[in-house]
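In the two complexes that follow, subunit A is the common piece, with subunit B as its partner first and subunit C second.
Up next is the complex of A and B:
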């Protein structure tokens, strides 16, 4: 198993203690394309933050590739994030004063890869995502879909074990959303990238092969969706 | 390294005005520091200029009046120095420290040359007093050993006396006779070359004395003081054993404490010889140039420290400004730092970014300030440095070489780097502590 969560609990202590994750048990294998679905307040964002080593949990165990992720120093956490996890955010989170290619290079910069090599690699990834012409444009000169593709290139460049997508289509129109989801599917199918998508849109979840439902901090149904027939709104489109 | 500077440049470029305004405060601080230190150096150089190239390890002893009754004698008694004091000084008691002892003896005398005459004080002196008293010979020579040994009747006259004797016009001599000194430079019209008198004979006390040299007039001393060999004056004026004062050079007294201990011991010995209380500080006056120099050095050091402090405090304003701006920058870039952390930036990567930016701003603007400060020093040298103040008709330069040395430039560089680091430290720590999830939420 690539990802293993055993009885993970998380409580926020902001005034009144808020028990957000109440014993999460989840296993995700390498090469899976999983969505985590839930309403807002269900704890899915917290789960994503823990999966992405952006936040820590109180009790339980979290293993990536057999490695226990617990009580890491900031430096270790940063290093693991850098090497094992690629992030795709709803609001793209590109750095505005850097060009597309510079944004894509950045994770390699933190690995200490030299300028030349990382530029070459970044251009390769942009090429793969059809953005060669946009390499030297700034994010504010690009469309949402283009920005998200830049973000995907940035997430992929380190060759991470897991791609974590937090509402990747949340800021996109339905046509672009579909393109992005197809892109993710293709990455999973053709290159075997493990992808976890967090969403509250059933249409988006339907694009994935496995849907994990989370409600009130507990994992409910885990739905096998290899037939892509889970959408309440039909299987053909992503409904907005 | 290049990546780091690219990042800094990107950040600075987005906030040009803000960076420049903050940088100006730093420039100003370092500018003030350099100008203050430069002007301070100029002042100190002007101060110390007179002391260049003279023997500093000298003491002079003058007679005074007793201030305490002692040995059955009342206070207020006038002390007169004599041959015995010379023997005492150069004798076994102080031979460990004392090198060369010279005495003076003198009397009021009238000098005449042709029809002109002027009155002054003839001082029997030794060649080595030239260095001790900082006598500056502008024409001819000062006394030498042969003059002493052969008791030659030779005199060294000060410039103004020589000018009076040569007399551009008659009024001068009359003025001199009145006792009020008339200066050659005062514009009687014609200027006379005092050097013309060298080799000529003047009459003093009915005897003919050969003028061998002219000294520079120095308003800080009696200007009608002129010099002749000690032995000659002693014989001609029948002075017997009495002397006016004595001076000696010494060695081996390196600290103020050692000097004071020696002075105390020496005073006691001299006082006892004159039957005055050993601790009577008024019976004889001891003037120690070495000690004075030590104190002056101490003074200049204190001045320099004071200037550094003022300069550094001015700089502090700039540093606070930089720190403030960096805090704002950190706040503005919280989201960006969140992104960076999410994709793998360690806290140190973020810290480095802010620290480097802070040090760069401080250093670059600091150097601009330092450069301008040095230009200002040049300007000061060209303007104020060229002017002088007249103190008792003596031209004294206000500032001499008002520059800072390479050492100060290096020290200032160090100060800038430290300052930049301090200015960046707190903002950088704040930036490094940003939690990625919170930072990503901030928009």
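Up next is the complex of A and C:
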């Protein structure tokens, strides 16, 4: 198993203690395309933060590729994030004063890869996502879909074990949403990238092969969706 | 810390993105370092200008001058006049082995000297050959009065710079020529070019100096001398010899040894230390004001970096999420802070150097101040640059620690 969560608990202590995750058990195998679905407040973002080593959990165990992720130093955490996990955010989170190619290079910069090599690699990934012509444009000169593709290139450049997408289509119209989801599916299908998508849209979840429902901090149903027939609103498009 | 060309470009980008803000913040540092260096240079130049006034004057010299008594003593009333004599010179020499030179001087003001059609009115001094120990002459031509001149009572003279320029406007070596001073003719044996403004009875450049016995007879002074100049052996503090000198002279002339008014003792050591103290004070103020201004500038930098970090929370969060370690973030902020301080400070250094050069050109255009150096030394500039780097680090510390505290989750929260 690539990802294994055993009885993970998380409580926020901001004044009133808030028990967000109440014993999460979840296994995800390499090459899976999974969505985690839940309403807002269900704890899915917290789960994503823990999966992405952006946040700590209180009790339980979290293994990536057999390695226990617990009580890491900031330096270790940064290193794991850099090498094992690629992030795709709802609001793209590109750095505004850097061009597309510079944004894509950034994770390699923190790995200490030399300038020439990382530029070359970044161009390769942009090319793969059809953005060669946009390499030297700033994020504010690009459309939402293009920005998200730059973000995907940035997430992929380090060759991560897991691609974590937090509401990847949240800021996109339905057409581009569909394009992005198709892109993710293709990455999963053709290159075997493990992808976990967190969403509250059933249409988006329907594009994935497995849907994990989370409700009030507990994992509910785990639905096999290889037929892509889970959408309540029909299977043809992503409904907005 | 990962440093390559892109790191520097990133720093440059960050500073250029907020041009006016960087400019205004940098100005504080610029002005601070400029003030400090400019004042250091200016103070040093001023000190040298004042120091030039003491040029050629022995630093452990005292000059004894007689005056009216102010205390009654041994049946004499106060307010009595008395005069220093050759006896005092001999007694001081004999009784005080710590004195290296004891030499008398007589002089008169407004003596007219003539050569051909040219004339000049200056002071006329009579000295012994050992007077060179008191006021060192800088001979442009010829020599100073020597022992033989004194013993044989030769009618020879050494003329000062201004006397020379007036009597011999065509220049050239005047030695051998006879000039008329007062009623008699003297042969010029030397020209003294020393220009210090501290001098005994008339500045050296407007004096005509002749052997003492000659002047004594011409002016009909008898055994009375105007001044007695003494220098101590090296390592002797003149201030400590003063009471003994007073005692010796007071005993001979029957006045109260504690009557400081009756015998003036002008001590150059005291004058020098006065000026030294003055400049110590001035330097202290320079550093206080200069460092204070720099510090204000640096606090400004720190402040603005704080704002920058706040503004860039999302960006820093993103960087952290994609693998920047806290140290990467720390070094980025510190480097930005150093760059801002150093770039602004370098302009300050350059501006101070240029302005000091201008000042030096203007001031030294006046020949009286020639040779005064206002420029700061190379190493002063290097130390200033190092200081700036250090201050940059200090200014960056607080903002950097705030930046390090930013959690990657904040990148997503802060939308």
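Throughout what follows, the second predicted complex is superposed on the first by the 240 of 240 C-alpha atoms of A that agree within 3 Å, B and C clash if a C-alpha of one lies under 4 Å from a C-alpha of the other, contacts with A are read in each partner's own complex, and residues count from 1 in each chain.
Please note the rule applied: contacts are C-beta pairs under 8 Å (C-beta built on N, C-alpha and C of every residue); 3 or more make two chains touch, one makes a residue touch a chain.
A quick note: this is a predicted structure, and the numbers were derived from the prediction, not measured.
Student: Between subunit B and subunit C, positioned on subunit A by superposition, is the outcome a clash or a fit?
Tutor: Overlaying the two structures gives a clash between subunit B and subunit C.
Student: Answer with first, second, both or neither: which of subunit B and subunit C does A:55 touch in the superposed model?
Tutor: In the superposition, A:55 touches subunit B and subunit C alike.
Student: Check whether A:4 is in contact with subunit B, with subunit C, with both or with neither, and answer first, second, both or neither.
Tutor: Neither partner.
Student: Taking the superposition on A as described, I'd like to know which of subunit B and subunit C A:112 touches: first, second, both or neither.
Tutor: Second partner only, subunit C.
Student: Have a look at where A:78 lands relative to subunit B and subunit C in the superposition and call it first, second, both or neither.
Tutor: Both partners, subunit B and subunit C.
Student: Have a look at where A:173 lands relative to subunit B and subunit C in the superposition and call it first, second, both or neither.
Tutor: neither
Student: Given the superposition on chain A, at which of 91-99, 181-189 or 271-279 does subunit B overlap subunit C?
Tutor: The superposed arrangement places subunit B into subunit C at 181-189.
Student: Pick out the shared contact residues on subunit A: the ones touching subunit B in one complex and subunit C in the other.
Tutor: In subunit A, residues 49, 52, 54-55, 74-75, 78-79, 81-83, 87, 89, 91, 93-97, 106-107, 109-111, 115, 154, 158 are touched by subunit B and also by subunit C.
Student: If you look only at subunit A, which of its residues touch subunit B in the complex?
Tutor: 49, 52, 54-55, 74-75, 78-79, 81-83, 87, 89, 91, 93-98, 106-107, 109-111, 115, 154, 158
Student: Which of the residues in subunit B end up touching subunit A in this complex?
Tutor: 2-3, 10, 14, 335-336, 338-349, 436-437, 440, 443
Student: Within their complex, state which residues of subunit C touch subunit A.
Tutor: Of all residues in subunit C, those touching subunit A are 2, 4-6, 13, 17, 314-315, 318-328, 407-409, 411-412, 415.
Student: Considering the complex alone, what residue numbers of subunit A touch subunit C?
Tutor: Residues of subunit A touching subunit C: 45, 49, 52, 54-55, 74-75, 78-79, 81-83, 87, 89-91, 93-97, 102, 105-107, 109-112, 114-115, 154, 158, 166.
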